[in-house]
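Okay, got some structures for you below.
In the two complexes below, chain A is the common chain; its partner is chain B in one and chain C in the other.
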Partner chain A sequence: MSNGYHIVVCGSLVPDPLQALEPVTTPDGPALKNESMLPSVLDPWAAHALYEAAHLAKTVPGSKVWLVSLGPKAKLQQLMMTVAQKAPFEFVAVDGSASGFTDSFETAQALAKAIESIAGLDRQRLLLFGGCSSASRDAGTTVGMVGALLGIEEQFLAVDEIVPQEDGSFRVKERVEGAQYLVSECAGAPAVLAWATGNLPEPPNNPQVGMTNMRTIMPALAKAQPAGNLRGSLRFESVETPTQRRETRVVKDAGIDEIARELADWIRG
Partner chain B sequence: MEQPEIERQSMEVDIACVGFGPAMGGFLTTLARHLTGESGQPPLESKAMPGMPLQVLCYERADDIAFGVSGVVTRARGIRASFPELKPEEIPMACEVRHEKTVYLLDPIGASRRGAALRVLDALVRPLAGRRMAVELPYTPPFLRKHGGLILSIGQFNQWVGNQLMAGGAVQIWPGTPVEKALIEDHRVVGVRLADQGVERDGSPTPAFLPGMDVRASLTVVGDGPVGPVGRQLDEVFGMPEDHHRGHWAVGMKMVVELPESCDLPEGTVIHTFGFPEPEIFGFLYVMPGRLASLGVFVPSFLDSPVRTTYRYLQHWMRHPYLWRWLEGGTMRSWGAKTLAEYGKQGEPYLVGDGYARIGEGSGSTNVLTGSGVDEAWTTGVQLAEGVVELLRRGQPFTRENLAAEYERRRRESWVESEGRVAEHARDGFTRGFLAGLIGMGLTGLTGGRWHPKAVRKPMPTLEEFCKGRLTAGEVSRLRREATEKGVPLHDLVMDALGWPRIEHDGKLLVSHQDALLLGGKVQAPAGFADHVVFLYPNLCEECSPQLCVEICSGQAITPNPEGGTPLFDREKCVHCGACLWSCPTPTPEGVSNVSFRAGAGGLHSAEN
Partner chain C sequence: MTDSNPGSAKPTLKTLPGDDVRQILWRYSDRYDLQMVVQAARSVARGLVARLVAEGARHTHEWTPDKQRLLEAMDEAGITAVAIDPEHGGYIPGPKNLALALVAFELSWVDAGAATASLAGNLALAPIHERGTPEQVAKYMGGAVPAAPGEDRRTLRGAFALTEPIPYVGVDTNTMAGRVRVAEWKEGEEPILHVDKRGRFITNAAFANFACAAVASDDPRIKGSCMVILEDTDEGVWDPGSPTLKLVHQLSATNDPIYSLKVPASRIIGGYTVQDGVIVPNYSHAEVIEAVFRRTRVTVGLMTAAKLLSAVEPVIRYHRQRFRGGGQLQPGSPRYELGIQQREDALHRLIDVWATGEAAASLGFYTARLFDEFDPLEREKDRLFAERGIKGARAQLKAFAAVKDAALEFIRLEHLPADRRDAARYEELLNDTLVQFVVKDALSQVFCPATKLWNTGVGANMMREAVSLMGGYGITEDCPGFLGQKWMDAQLEATYEGPEAVQRRQLTVTMVNDLFLAQFRHWIRQMRQIAAKKPGTGACTLATAMELWLWTIGYLQKAKDANGETLYHGQRQGVAFPMADALSWLLASRQQILDVLELEEKGGDNPALADGFEGTVAFLTDLCHVMAARASGEVGRIVAELVYGYLRHPSWDGDCDSCFRASELEAVASVVPGFDSSPLEVIQDDDTHADKAGPCVRFPGMERFRELRLKLDGCLTGARLAKDRAAAALTEVMIPEALDYPR
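Right, the complex of A and B next:
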């Protein structure tokens, strides 16, 4: 492909799942206790999308990557410390809740609006990337709706691989039921690719990439537009985390049968 | 064999910083105000990138700036000088110190090591101790008081500082990026080399190999703590000032606990304990907002036990009746451990040299008399920033002389220095025994350092010597065999045999060591980095018993090798406390420890410590 792709990755932060997460009820609806003090990570599904985008951009000359993130500005800024060394991108920030207690459609509208306002974005060369799922809003629908709002009809869900062709078309491998893959040929951009895990490992931290990215990150944060009300008419009846109890023992050289028996006993209670 | 030269990326910045803790927070906060024009003067310009603002980069080993660990109670003089309008409620988990107690804990079990003099003392105070087996001291010496100061979570404080810095945009902080070493050319530090990525555990390259970048800078600021590889490299290359040495260390292990609703300790309470589980083990409990408590113990290097285990001691300490009445029914939210530079000013290195300056705990700023390190560290960072700004405004280079005139001079003229001098030998008496240490510390504080005890150097006793009179040589041999056969450390077996009761786990606060790692510390290790703990000479490990690196390991990351010799290291459990480094009793031809503690990523992932 001569001109390359314009790849927009929709991806934002989720609270670091390693921290103690506890839902609370606020006058504005459900929230996470002490959310402001919890470190955040890039949503793991979106992270795969970002790494795949960076790889594709490197493979197809002339391509460019934008990362569009909707989250509280202060938290986005902290997130960038851990993400910006991973892959080159131009940052677009939208200031709003990333708690997950929001309406997917309202979120999609805010993201679509932000994408439409990206200067220099060629919508005919647009590949819209995102996670096929999310660690905080697991409806798995947001990126599809962003695509629909942008008028993109070619949509691929649970993607694990994209192979670009010389003529600008590409082959896509999607996960389908029963651990099978569906392989499709797409004539080219524009298209939506909602990523599963992909095949790429997390890239190493590259300080040079971080330095370059930081030049767009701080201005993007400074001019981040408020997303407005993302909850719409959505109401939550109740929110709770699953109960868990952990009793770790260090057992060396246990046999498979022994492990299976113990698991079965535990499940039986 | 000489390693083949690897082609590395390189970039030029003005100031490269190693480690993001309170010292670097103080440095960057102060410096950033001069980069944004907030100071009222024109912003400083870059020499590395002409026309751009000063380029300041800070690299932090941990995966997030909030993943530090410390139990912090501080007078906060330096912090408040930087933030005159500071309100504790702006910082999550912070509050003002309102109530202070110092408590002597008697041994309710009868298993701790207590000499004859201490047993006499115990008998004398026993009538005052009541059923809680503890005596609250009627008087807290002024040098220990923190009233009006702050209780902090170091993770939350670092995050609070870091977020303000990033919002200003004047400096960049990059977590998850360990620094392998300083670049030294002609006795001058010219920047740092980041750790290689995309390598196997032994450091050999994988297909994803990314050689660590060389970040060249006219000034390298080293604040990587007491066991940081860059600080230790500078000590090795440039040596230590005469009569300065690093003899005293400690492991601090802590939890953040959600207290039960029945607990009536008010927010802002500070309790310091001594006397139990072993006389030399100090403990702390600080009550934070939201019914949270930061609590823990310090196991010092002068505890003459060859099988010391901080985790089990922490559990016995929590179970002491004086404390358990408040803790029973509580839930662990967070856990962690770190090395404390108990040497203080005794271990102060050269603070400056051509192209570098050292700040914070690794620079000997911790006050071992007042038990305070964070505020001192912060202040050294502020002092360096003020000096650096002065040199930049005058266009003077970062030579040893210039840095000495502008940073070291500020430090020498400050309270950090004067109080550090008083405290310098405060703990030396503990090398003679617990009571001698306690009396020495008290007299040092009360005489303003004019009198202090003298240290004696004693080798660590053998296990047989340690157990003498309590276990027979045959019993000790049996325990050694059992530990080898099971592939476990000796400490639990020895403590069981010495009469310490087993800890009954409640699944909430009293949990297995591994669960503390998983539930409290959330310990992680990213792939692609080499092991940061390496045993240099396997034959030295072969002859070592008990292997203190195994016994002291805060995360059970170092375990005995069932085949003998070099212990096994599991990076995914390591909390990077570095206790293995200074606990190793086996000198090598190159240095004092057979453990090479290198730059590594990962470790604790809790933001509440």
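Right, the complex of A and C next:
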């Protein structure tokens, strides 16, 4: 592809999954206890989308990456101290709640609006990336709706791989039932790719990349527009944590076999 | 009497303080480069480093491929290049003391050996950075930037070789066996030197490809001593030697190397001149190491601070979960929810650990920032001296003495309210490089050794408390947070780069510098002013303890002991060293208070902190109070022992001004009613007296001391209430489900 892709990644923050997450009721509806004080991370599925976007941009010359985040401004700034080190991108921020207790439609609208106003974005070259899922709300609908609002009809969900071709078309591997993949050919942009885990490891932090990104991050945060009411007409009858006891253990980079064996051992008792 | 502390219904700590809080406390909230460096170091620490420790990489003394991966991970994450200036390929402009301190802190949060591996590389570059010629700086700093993929060069990795096999260099750095002599010196050409150096306990020596070695001249054609750069490709013997069988910091490489090499004289750090056929190094080895250690020691202090703070979360989790899982306990019952946290002592001791960690971090990061301010001043001073032809230690001291009065004047003006001082004069002194240099130098000469001494020494003792709080688990390799290893590791931090004795020795000289004491005097008033607005900080307690210390240091410098010997001098370590310890407690506690005030002032502007902010501040304030009380207690104990301990106890048969014969007393009491009820010593007419060592001590001239001691006791009012409140907060604070690094 001669001109490259314009890749817009939608992704925001979620509370660090290691934190104790306890639902509470506030005057504005349900929330997580001390949510604003908990450390946060980039939503893991969105993070995969970002790493894949950076990789794609590197392999297809002329491509460019934007990261569009809807979240509380001050928390986004803190998050960027890590995320900005992972890959080069231009940042677009929308100031609003990233809580799981908002409506994915309202969220999608705010994101679509922000994407529409990105200067220099060529909608014909647009690949809209995001997570197929989220560690906060997990509606699995947001990215698809953003695409629909932007009039993009080619949509791929639970993507694990994109292979760009010379002529601008690409092949996509999507997860389907029963651990199978659906492989599709797509003529080219514009398209929506909502990512599962992809195949790339988390890039190491690189403060030099981060400091380059900061040139757009701080101005983007300064001019972030408020997202407005993200709850729409959504009402929650009740909110509760699952009754299972959670036992968390941090093991980094364990192999699939090892994890499977441990789970099987645990089930056997 | 009213309680000056906030009542117990006040908001309390909701979550463990996060990055937003730390950035304000340690003053880097506007430094995004540093915030990123923190995240980069953290990902290496809690990723690869933690994994290596969990997998048992600490069980070997050798430098293994696994440990080598650590260097590569640090290269990749930008950690190696933090120390390097942008013109040589680094990315952080300006002084980097705070940046390096933050890196060491993050790495040590998990494992200080990893921090040492990073630190030792910087230590090897430091002589070159501080005193090297421009060519040396370009070559070695540039070469230390990790080679980019595809770049055809090897990354330079250095070792700093000062310590030698016994009986040579250790604490005493003048007993040097390392030698340099002229090997060849052809007319009109650069001399070739032969360097012999054996090192002991040299970090990085296992894999280093260059070393900065301290050596003394063994040749009349070379003057004095110097540091010289050796490379593994130089002609001769480059033997990394055998690994040290150390019990700690096993993720760093320590060896006893042997070097016997020929090198060009241009490797003498800082260059040389030839005078009357003699090579005269521009800097002796002592001058180079002085410039190096005064910076790198601060970083070591922060390693221990990180350990203490890292212990909080694992201890809370262990205590809360201690009795769960047996089937008998129901969720919701106090024993299930709080576990060992139902016991006051466990809470109080963890508060001690936490408060010490906060104070150590505050002290260390302040000192790192102080050096960031000091570095440009020092360079400007060097430039000025070169311009004016002021060379050599004596000439420099003379130049400093000439500005001492102006510096004292500046200190006085600086502590006056802006509207009450001569603005023009203040401005003039503020812009006077030499004045500013001596003022900051006086501080850095105290704060650097105080940080190294207090953070590592008191820190190591406190780590033992943390380990105790985990019970048997604490001293196993399975202990979450690696607390047992951290306890042992802290002892190395108290030892390398100069053991505690070296720091106390330096403080013995620098803490009685008038320029330091002048600033210290103002801080007493400052603490009282803070106390007037924030009584709960313990600032008033601390101010009284500071007064007591100041009185004592003045007394000790003038007074003699019972044998007529001078009390305060360099050789009398029994007097000066405890005073150095006492001062360090005060400085740590003061810095902790100042940081919390900063948080309170600036944190309100950060919307990310809005929730729970008051509670966080209240809790950290209580920790300040706990620490102020503890520091004051230490000071009270130390000064009392020193002031009285060197006097001879009055005896019944010696001169006893307050002794009266029983019959004498009766006679006086008949004319002066009530005289016999005043505190007098009575010797009965049959020469018997009360059963005790002698008449109670009442020395003239000590009234102020006694008054201050008594006052200090009263000043502790409320400190335990603060501790109770902080302890209660521990039972409520929300912690994550699991530690964010493996074990």
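Assume the second predicted complex is superposed on the first by the 242 of 269 C-alpha atoms of A that agree within 3 Å, B and C clash if a C-alpha of one lies under 4 Å from a C-alpha of the other, contacts with A are read in each partner's own complex, and residues count from 1 in each chain.
By our rule, a residue touches a chain if its C-beta (ideal position, glycine included) is under 8 Å from a C-beta of that chain, and two chains touch if they have at least 3 such contacts.
In this text the structure is predicted, and so the values were computed from the model without any measurement.
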{"item": "First, second, both or neither for A:P72, with chain B first and chain C second", "value": "second"}
{"item": "First, second, both or neither for A:L38, with chain B first and chain C second", "value": "both"}
{"item": "First (chain B), second (chain C), both or neither touched by A:V251", "value": "second"}
{"item": "Which of chain B and chain C A:P201 touches, first, second, both or neither", "value": "first"}
{"item": "Chain B and chain C contact sites that coincide on chain A, given as residue numbers", "value": "16, 18-20, 34, 36-39, 74, 77-78, 81-82, 85, 204-208, 210-211, 214, 218, 246, 248-250, 252"}
{"item": "Touch list for chain C against partner chain A, complex", "value": "14-15, 18-20, 32-33, 35-40, 43-44, 47, 50-51, 73, 76-78, 91, 606-612, 734-742"}
{"item": "Chain A - residues contacting chain B, complex", "value": "16, 18-20, 34, 36-39, 74, 77-78, 80-82, 85, 201-202, 204-208, 210-211, 214, 218, 245-250, 252"}
{"item": "Chain B residues within the chain A interface of the complex", "value": "9, 11, 57, 59, 63-67, 92-93, 156, 159, 162-163, 166-167, 169, 172-177, 194, 197-198, 208, 210, 213, 215, 333-334, 487, 505, 507, 511-512, 514-515, 518-519, 522, 524, 526-528, 556, 605-608"}
{"item": "List of chain A residues in touch with chain C within their complex", "value": "16, 18-20, 22, 33-34, 36-39, 72-75, 77-78, 81-82, 84-85, 204-208, 210-211, 214, 218, 246, 248-253"}
